[in-house]
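Some structures are shown below for you to check.
One chain, chain A, links the two complexes that follow: it is found with chain B in the first and with chain C in the second.
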Partner chain A sequence: MSRDLSRQLVLLLPLAILVGAFFLLPIGRLILVGAGGDAGAAAYAAVLTTPRYFESFLNTILLSAGVTVVTLAISTAAGLFLQRNVFPGRDLLIALMTFPLAFPGVVVGFMVIMLAGRQGVIGSVTDALFDEKLVFAYSMAGLFMGYVYFSIPRVILTVMAAIEKLDPALEEAARSLGAGPWTVLRDVVLPGLKPAFLASGAVCFATAMGAFGTAFTLATDIDVLPMTIYTEFVLYANFATAAALSIVLGAITWLVLALSRSLAGTTVAAAG
Partner chain B sequence: MLHGTTQKRGWGFWAQLAFTLLVCGFLILPALLSMLAGVTVNFFQGLSSGLTLKWVFQVFELYSDTLLLTLGVALGCLGVTLLIGVPAAYVLTVRQSWLTRLIEEVVTLPVAIPGLAIALALLLTYGGFGEFRRSWGFILVGHVLYTLPFMLRAVMAVLASIDIRTLEEGAASLGAGFWTRFFTVVLPNARSGILAGSLMVVTLSIGEFNLTWMLHTPLTKTLPVGLADSYASMRLEVGSAFTLVFFVMIVPLLVAMQTLSRLERRARSARPLADDRAQAPAVKATAVETVR
Partner chain C sequence: MTFAETPRTPVQLRACAKTFADGTRALEPLDLEIAGGETLVFLGPSGCGKTTTLRLVAGLEAPDPGGRVLFDGQDVTPLPIEKREVGMVFQSYALFPNMDVAGNVGYGLRVRRVAEAERAHRVAEVLEMMAIGDLAHRRVDQLSGGQRQRVALARALAVRPRVLLLDEPLTALDAALRERLRVEIDALLRRLGITAIYVTHDQSEAMALGDRIVVMRQGQVAQVGPPREIYFRPANRFVAEFIGTMNLLRGSRRGGRLQLAGGELALTAPGAPGEDLPDAVETEYLFRPEAVEVISPEDASLSGRVASALFLGDRTRLVIEGVTDRPVIAEAAGRREFADGDRVGLALDPRDLLRLPG
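Showing the complex of A and B:
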């Protein structure tokens, strides 16, 4: 129906104007500002060459990678159980575990304070047991916990959907050939879930790299890249550095997601 | 061990159940505690200090303007994403070419790029337009950029699954013009996607912090901005009461989303021969990820 082309263009036009004016133009400006400081285009290398930024960059990458591994492990263990067992309350459990999906980072930060803050659960429990209050909400451990907190609901849905699609015949075959449950898990189930791990792992990593609200609420002295960008922009009014750093950060998160999408195929529509 | 359904429930089942409950407790316990703290007279002393609603009232006194603005922005955001996103989703579905794929990719970018970067870009470009900068429209722009991909995806998933082109060809052969087809064939058939997308857009807009924190002014504060403010400067009970108010706002939306995806899943299992692409688009929409 090619004669509809002009009408279809009319329907597409508002989107094009909106995205052009409020996304493409500003991002272009951001790139220019990033290169427009005293350092010029070298500002884009500052994340590697300036020790302070490099340290924050390294912190962010290590934190995100650690969070991704831990989240994948937890989500797979819980997801396998939830997908493969029928018991009363199962649906409620799944609903509860995906509930924090809609929490903003600030709320997640507050949840960490509730768990590991000065009046938190963990502190009260250790106080009762060992007479010592364990408080770690404002340290790297607290930040790590917060990131795992908001990552689990994101990852577990994708992993469970992938478990549902696994071919049970493969596991039957392995079992009938004498493989024990752990061997089946290691050689059949986990390899079968690899695409889902790639997809949801990438989403998890990218989300952790860009997360801001949680670190902001915990107001730690740990420099993660989004906090560094924020400080440069708001406290030091160092627009060029903030712009360059956020372009680098955005490029990394986008690249990680794009890469996982091309590796895992089109199924990533469900994940990111 | 992994098949508790077919075998007698051994220790493996109980060990896995315990682990899953532990994870669930980790996710839910702090939320329950903060709700409790919001209605406790003195959380440090514990429940024995009694229950009260005074913290909730204090939140309404201090932050009612943020609640109103949040609802306004969320509804405005829904309106814009419906008006712009739904027609665009239709065109992007029926016209598959390198150009439409490129457009889709660009529109989806704000999901993959941290909100902080987008906020900086908007500030550096439009921060000088004082009137616009000070209005809540500035926040609305950020929210629309961020939520639009979710509306597009939800609607596109549904339109692709029902083969809208064939339906349209049928209508065209009966003499229906373009706009008749759009309003009487395309829109009604996309309604489950529109509904799922709408729920997603409103939920995300209500909770958006990363962009909003950068874009807000003292006179344009939304709920999450108020939350951050209360966590930093109010006593724990007030922050908790505010969190409670936030939960009360988003829980109905989340329940609606989960019910919708369950209904779709049921409809799918009732049609075993349906195209695989038809799998619960609303589930996809809720599972869609955000970089925040």
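Showing the complex of A and C:
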């Protein structure tokens, strides 16, 4: 009994250290810093009532949600194609899709500039063709493209694994009942992939919410929240606001993750 | 029941062969006529091409060039499965987990854009027919195996398919349930009179359900015929030994009698006109366990020794050695008890003896 207890304690220790060192202490400290400025606890309210901050929040959430949806759509289409067709070079292509996994956001930002920046490929091509340089690296479109590029490798493998696990008999059953390819996709394939969408979508959303490197490199005029936090912290030394923004960013992201997990839970139960 | 208008679609396969992309020859060219309303069973060992043939009829696989599938005289070869109006039942049930029972059963009607009210009516009707009306709003994962299979059948039948295709629908169920559902499916197919193709590797299922059985072996048809013909007049050794139990007698033939290690056996019944077979040093005959009568060794020209006796209640199954080079399986009716080592005599009506090509 007591040996059992001591074993439990030994197993508990790393968890306790983890929770303390990585969660309770820093986040507790952050919460206190957020409330410790001139405005006190009202700093948290200001985060949402000050137009500049609120806009930054809205931008970040919309951007992240959009990136998540587009990434899932691209990954699903590409994943279905890769998983259902055999052709030479298929394995290489799959490997390539995941190649950018190791790239930090800075590199991704750099690549967006090379593609859509002032000296970028798209710019020179459109310049040659239409006498007008198309440059969008530093706009929302550039940021969006970078985020999607950054997210696809993180999502596509999960989605492909889920596609592989779909029971082919389900699609055949639907077809035997008269469903054409698009109907089968809508009624059987996509519902079957829902758990994978929720899981990888949540990770994609959270990553996009906190992404910094790409935005920093592109130095856009769009303020995503991590950039706002950086600005408050480094340029204005406005520690309390930076801390309050961080806490709210963390809370919203965490909420979305929790929501998707509970949704995933109900679909898993429904699928038996 | 308003299923009176069930179509009785004749199905024809013309020179249907199947070679898969990797070169596997799953089916040799097959010609087959299935009458409207007939239940045809494909029977054979694993990998012999039963599922492949069924998928050719369904439209899930295309036959090799030259092969054709006809429904009611109409060439459906170029039609994909969704245009063929077939009902399919899978071994794994393949129920849609994101829909409840009624949703599953009504799916084919929904895809066909049947109006809501009409759909509800027809779903209720089919559920009633399958005796699962009370399960309409259950989630699929809350059903037992037998209930799932009933839902799968109901779903396939709800669209009133031209042909019903079943691929080992009972294999995933336990023996008792399998037996019960087999009886139910049999009654259902008779009542509906729908053309049905049923794939199984279970011979008792095939015997009980099939109007005709196609016994397959390595992508080829070994025999086609009604169950009794398959059982009593197998066309070759493969069919004879695959269906039921077969005994093999190996010996020499002299003057119309078969000489065996355990004695001899007349090859023509007294008074009956027998074929005049030439003498042979080595020849083989087959017979079923139930054809042999176990009698006392004094009265028999052929005898052996009991190697094991298995009491089955209504009869005793005996393994008898010393008759020929292989043990012989016989069935003795009644209360007589046997001990290992007992000498027993065997009486066999020559008409029950089969001589078959390998």
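Odds and ends about this structure:
Definition applied: the second predicted complex is superposed on the first by the 242 of 272 C-alpha atoms of A that agree within 3 Å, B and C clash if a C-alpha of one lies under 4 Å from a C-alpha of the other, contacts with A are read in each partner's own complex, and residues count from 1 in each chain.
Everything that follows uses one rule, which is that a contact is a pair of C-beta atoms (placed from the backbone, for glycine too) under 8 Å apart; a residue touches a chain by one contact, two chains touch by 3 or more.
Note that the coordinates shown come from a computational prediction; the quantities given were computed from them, not determined experimentally.
Taken together through their common chain A, the two structures put chain B and chain C side by side without a clash.
Among chain B and chain C, the chain that touches a larger number of residues in chain A is B.
By the document's definition of touching, of the two partners only chain C reaches A:Pro191; chain B does not.
In the superposition on chain A, A:Ala173 makes contact with chain C only, not with chain B. Of the two partner chains, chain C is the only one that A:Thr183 touches; chain B does not reach it. Look at A:Leu257: by the touch rule set out above, it reaches chain B but stays clear of chain C.
Superposed on chain A, the gap between chain B and chain C at their nearest CA atoms measures out to 7 angstrom in whole units.
Overlaid on A, the two complexes show chain B and chain C touching the same residues of chain A, namely 269-272.
The touching residues of chain A, when paired with chain C in their complex, are 167, 169-170, 172-180, 183, 187-188, 191-192, 194, 269-272. Chain C contributes residues 58, 60, 80-83, 85-88, 90, 92, 94-98, 107-108, 111-112, 139-141, 155-156, 159, 165 to its touches with chain A in the complex. By the touch rule above, chain A contacts chain B in their complex via residues 1, 4, 7-9, 11-12, 14-16, 18-19, 22-27, 29-30, 33, 74, 77-78, 80-82, 84-87, 93, 95-107, 109-115, 119, 121, 149, 152-154, 157-158, 161, 181, 184-185, 189, 203, 206-207, 209-213, 216-217, 219, 226, 229-230, 233, 239, 242-243, 246-247, 249-250, 253-254, 257-258, 269-272. Against chain A, in their complex, chain B makes its touches with residues 1-5, 12-13, 16-17, 19-21, 23-24, 26-31, 33-34, 37, 43-44, 83-85, 87-88, 90-92, 94-95, 103, 106-107, 109-118, 120-122, 124-126, 141, 144-145, 148, 153, 157, 168-169, 172, 178-179, 182, 203-204, 207-210, 213, 224, 227-228, 231-232, 236, 239, 243, 246, 250-251, 253-254, 258, 283-284, 286-292.
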